[in-house]
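The structure follows.
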Amino acid sequence: MRLNHDFRDLSLELGVQLHAEGSCLVKLGRTHVLCSARLEDRVPSWMKGQGRGWITAEYGMLPGSTHTRTDREAAKGKQQGRTVEIQRLIGRSLRQAVDLAVLGERQLTLDCDVLNADGGTRCAAITGAWVALVLALRGAGLESALLRQIAALSVGFVETESPTQRRGLVLDLEYEEDHRAAVDANLVAARGLQGGALEIVEFQSTGEGRSFTREEGLALLDLGLNGCERLMAAQREALG
Amino acid sequence: MRLNHDFRDLSLELGVQLHAEGSCLVKLGRTHVLCSARLEDRVPSWMKGQGRGWITAEYGMLPGSTHTRTDREAAKGKQQGRTVEIQRLIGRSLRQAVDLAVLGERQLTLDCDVLNADGGTRCAAITGAWVALVLALRGAGLESALLRQIAALSVGFVETESPTQRRGLVLDLEYEEDHRAAVDANLVAARGLQGGALEIVEFQSTGEGRSFTREEGLALLDLGLNGCERLMAAQREALG
Amino acid sequence: MRLNHDFRDLSLELGVQLHAEGSCLVKLGRTHVLCSARLEDRVPSWMKGQGRGWITAEYGMLPGSTHTRTDREAAKGKQQGRTVEIQRLIGRSLRQAVDLAVLGERQLTLDCDVLNADGGTRCAAITGAWVALVLALRGAGLESALLRQIAALSVGFVETESPTQRRGLVLDLEYEEDHRAAVDANLVAARGLQGGALEIVEFQSTGEGRSFTREEGLALLDLGLNGCERLMAAQREALG
Amino acid sequence: MRLNHDFRDLSLELGVQLHAEGSCLVKLGRTHVLCSARLEDRVPSWMKGQGRGWITAEYGMLPGSTHTRTDREAAKGKQQGRTVEIQRLIGRSLRQAVDLAVLGERQLTLDCDVLNADGGTRCAAITGAWVALVLALRGAGLESALLRQIAALSVGFVETESPTQRRGLVLDLEYEEDHRAAVDANLVAARGLQGGALEIVEFQSTGEGRSFTREEGLALLDLGLNGCERLMAAQREALG
Amino acid sequence: MRLNHDFRDLSLELGVQLHAEGSCLVKLGRTHVLCSARLEDRVPSWMKGQGRGWITAEYGMLPGSTHTRTDREAAKGKQQGRTVEIQRLIGRSLRQAVDLAVLGERQLTLDCDVLNADGGTRCAAITGAWVALVLALRGAGLESALLRQIAALSVGFVETESPTQRRGLVLDLEYEEDHRAAVDANLVAARGLQGGALEIVEFQSTGEGRSFTREEGLALLDLGLNGCERLMAAQREALG
Amino acid sequence: MRLNHDFRDLSLELGVQLHAEGSCLVKLGRTHVLCSARLEDRVPSWMKGQGRGWITAEYGMLPGSTHTRTDREAAKGKQQGRTVEIQRLIGRSLRQAVDLAVLGERQLTLDCDVLNADGGTRCAAITGAWVALVLALRGAGLESALLRQIAALSVGFVETESPTQRRGLVLDLEYEEDHRAAVDANLVAARGLQGGALEIVEFQSTGEGRSFTREEGLALLDLGLNGCERLMAAQREALG
């Protein structure tokens, strides 16, 4: 049984998409997300002429990635609310990684497609998208635009009677744990490239079946920060 | 000048929509949101036969509510990502107010339409929707399904040079303050009907131009909890 | 009981939308419509370079405005046929109010959102939109572009057995009367700013359960003109 | 030159759509509309169990029917406002032709597709759709459900300097006349099958560049009624 | 009974759409398709500045054209997969008819609308669209851009027990034959204007209930080529 | 340099989607397609009660799979014509693999998502989808429903001056070859499980810049059949 403060086995495979300026297949246990970073010499029309760049993200789940088949959003003609919420979070988070003025009038689009879903796909997507983003900047000689390292993990309070499952305050929830979580949070953490203490980019905590105290909120935050510290080491190692 | 820990002038006008089972026009300074609660004797198909109810929310901005005209989403044929994100937050928050099993196979839909926007519309919507929800339950003799009081406020760190504007850690941000906020958070707080300490339903904190420390995160949370405490008193007073 | 040739209690509240160039909340009995007029320094692409302005309208019903909840068109991704028909009528009608050459290359958008619906919403919208339009022109120093006063009322033949309800030829139908009307008409009337006789901008008469004679058509028209005469006095009074 | 009170050369060709329960290709000068009436043993879900039928209409213009190519609405994924307005008018008008209780739980769908457009397509569509509807009822042995004869024509006040063109109050406007019309009206007329005076089903009159007096409105109506009287004779002759 | 190698009675009526640069109503037995060719002095944005033209096609079925009413794609807001597939085939095929460099920066749009459907509508559309295209080029003095003659027919292996129906390898399948076909193919053939052997533009063969041998494929192809040879004579005769 | 009659290096990786009933990642050179087969105990409503199953397919390209980023169809709200055409081809082809009566009232959905695109994605998708389909049937104990083996390859005539590139009649075109192909064909081949000669399920041949003779068509077909013969051996080996 995995310990409460452990995240799942992590693998970061670089360059799996041959045409993308940067790409990373992140596997966190049975959650697999393919992240690509595409760099284009244009910005959205509302940003033109400001000399600054833009970063945006899109997220999707392959129909075969889930327990029962997920409808293909392209066929339905509409992205679900959950999809929209997640891709906005990824975009906001990764914009903190880059100095948009140094990037210049370029757009980075981060596409995160879930090949296998077992909880924590949005956090895995952020973690992998940062790696893809770094590769894309490197390839274009734009590494000086990189400002911060970004990684994300989920934390929560899980309630279960089973002696063979994790309970209480746990890091990096699998689908089954997430399903039983009374409180669920996603932490996106950042650190400057020169090091220094880990800081927070986003902390979203939600009571699913109950509300929670400020002390519980603080415990979630601290476990998440601790986990992201270790996750960032793995990102740096993968990038060499 | 408003003090850092004050929220704006609040008015809660009940029953403004004549056909709705419950309605409340909430005015928080120059932010005005019309909230209605509609009660129907049906649940979504995926919930049928479970004997439980459902609560969902929809959010919109009137085209005339903003500085420059906002496109009508019905005419564009699509809700914006921001809209989707907000209405999911309202729905999740208000589901914590009610015991869905006691509600029975009924659906409550909370419609929150912004008549005037000056920052904090999602928090005002949650605060007003709770009042509309209570009225709808009362009208239907379902007050026993009410579990918790819910209210929401924004908090943030605002950076400005102006001596006539609030700066630093402030409660209930106006549009201009929100625009200059380096860190921005929304707190949805809850308290059981029997009283007791205020707890957290959602705490969403976002670094907009920088990341922030755990101590800053805690300061945001504490100011938000303090503000919601006072906001809840106003809700109870409005409901008599 | 209201007399057959009376319209309902009327209230015109100005400036209720703080950012809109002009706005008016019109209440005609239990029918409440919020009208805003937005003025922009651009015209649709097909009008560019002609030196003339354009006026268009959009209409919507808040989900909480009706007896049972009306689906939000933005969520369905499509405006209903009825909505499209009404907003085209409002646009055509208000274009008669203004000299588009004097307006210059500007667009006025009239948004009419129904807060409470009890029959006659399209006529109330036209009546209120004219007030909002005048305010917007005034604020921009463009009052010289104003050409005509515009107001609208419904008329119909109502069939009922009830001694306590209006029957026969009646002005300004409530929802229940409209429901029982065998013939239903909407009259949009105009008068030049220098006075003179009331004229017709649109007269749309429809047999709902039967056809009607030319004499009945004429009676509908005359009652409508008489009502609009009095309605226009109220508009002028509201504008001071 | 055609006289002011004449409609264009009329041809009504029956049965041109081989599978449709009823069909009629109506040619009014250079305006050609293909109308079909399809009869199905079902009603919309909101009408089920009432023992009554329903009539609805759809309208479209082939891309090749107009001076410059009209975009295909199916390719754009959206019907224009004008299309929606017209098909609602056709549906309302034809519902007056039939006793829906005698029709029973059946739906008649009237499809009106414009092959060539030269003004007056909505009126031609109504005139042809009535013929198609009668054929469909005959074929199904449901002629007893027929209640009234329906026909429609446009009328207007045309302003022109040209001595070779019609001016003033004219019947059945061609595209060029419609373009120069200051006032434009569509009349849908009805007569019971036992004869009697012609009555009005819809009278929609619109000032395009000016408003108009009640006397002008009456003159439009009278010319339209006179024209429809003669048009109905042609419909009856075509049906044998 | 029609012989296996005969196509149905063919009629090509020219100029039926009065505004279109070219038009042709093709009738192949009970399959009737109205084809128009519209010529515009613009190309899609991705082709601008190349000095070359473009040819595209759109296809639709009138709701009244089929055994039971076909839903109007404009009303559903979406073209079916079958529609998309067919209009891509028509466009690809007709692009082989024209030297796009000689056409210059112009777009030809071929609209093919089925008035009556009895099998083979896509082939009839291609055959008629070529005639409409020639008329449009002639009218614009662009006949020098014409490169090849194009025509299309279906072929298939039909299985039936009935002694009064065609069976085995047959040309130009009616709906009932197509329904019973085990193998179904569409051949689009071309010939240079100077004559020479017939060549293939598209050959699409599909096993519907079984697979088929290369010899069967060859037999389908040869019968199709033979039929197209004769079909092209009829096209030339119609164009005079 | 690859020989004209060789297909690219092939790899078939089984079970890469953990929740899917069957899945296969097919790599044909630099073209990588992830195929999943989902089995559900339901059929489309139009097939209910017939005791037969159904097979359908959906296709998509990840935004990061192409030279320049491909727009996400889910975000645009619409599948492209090319996508629709391809997924219809995949569905038709794979329906030939299975006896739908033996399958019973179940639906198999084949999702084919392109991770890397370098030409021939639709053929690779068909080849991989068959492997995924077999795995899904095996897992459900439904292997008796399997009727035929299915595989697909592209063939074409490529024109180039380069001495280092393949020219003339070539098998399995890469993107660059496809781009220069004057004639392009896709062959879907089938063989019964008991062996016997290879047969044709679909043969789609298209002249891109010129038409082609029946002899050229036959040469394309024969090379394709030869290639599929060898491809099928690889499929069988992968399945053990």
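A, B, C, D, E and F label the chains in the order they appear, each numbered from 1.
Assume a contact is a pair of C-beta atoms (placed from the backbone, for glycine too) under 8 Å apart; a residue touches a chain by one contact, two chains touch by 3 or more.
As the structure is a computational prediction, the values presented were derived from the model and not from experiment.
**Q** Following contacts chain by chain, what is the lowest number of steps it takes to reach chain F starting at chain B?
**A** 2
**Q** Touching both chain C and chain F, which chains are there?
**A** Looking at chain F and chain C together, no chain touches each of them.
**Q** Quick check on the contact graph: shortest path length from chain D to chain E, in steps?
**A** Graph distance in the chain contact network comes out at 1.
**Q** By CA centroid distance, what chain is farthest from chain F?
**A** C
**Q** Using CA atom averages as chain centres, what separation in Å is found between chain A and chain B?
**A** 27
**Q** Just curious, how far off is chain D from chain A if you go by their C-alpha centres, in Å?
**A** Taking the mean C-alpha position of each chain, the two centres sit 59 Å apart.
**Q** Just the number, please: Cα centre separation of chain B and chain C in whole Å.
**A** 33
**Q** Where in chain C do residues touch two or more of the other chains?
**A** Within chain C, the residues that touch at least two other chains are 77-78.
**Q** For a quick check of the interface rule, what order do the chains take around the ring, beginning at chain B and passing next to chain C?
**A** Moving around the ring in the direction of chain C from chain B, the order is B, C, D, E, F, A.
**Q** List the residues on chain A that touch chain B in their complex, please.
**A** 81-82, 84-85, 87-88, 92, 96, 148, 189-190, 197, 199-207, 210-214, 216-218, 221-222, 225
**Q** Applying the document's contact rule, which stretches of chain A touch chain F when the two form their complex?
**A** Those in contact with chain F are residues 16-20, 23, 30, 34, 36, 38, 40, 58, 60, 62-69, 72-75, 77-79, 83, 109, 111, 113, 115-118.
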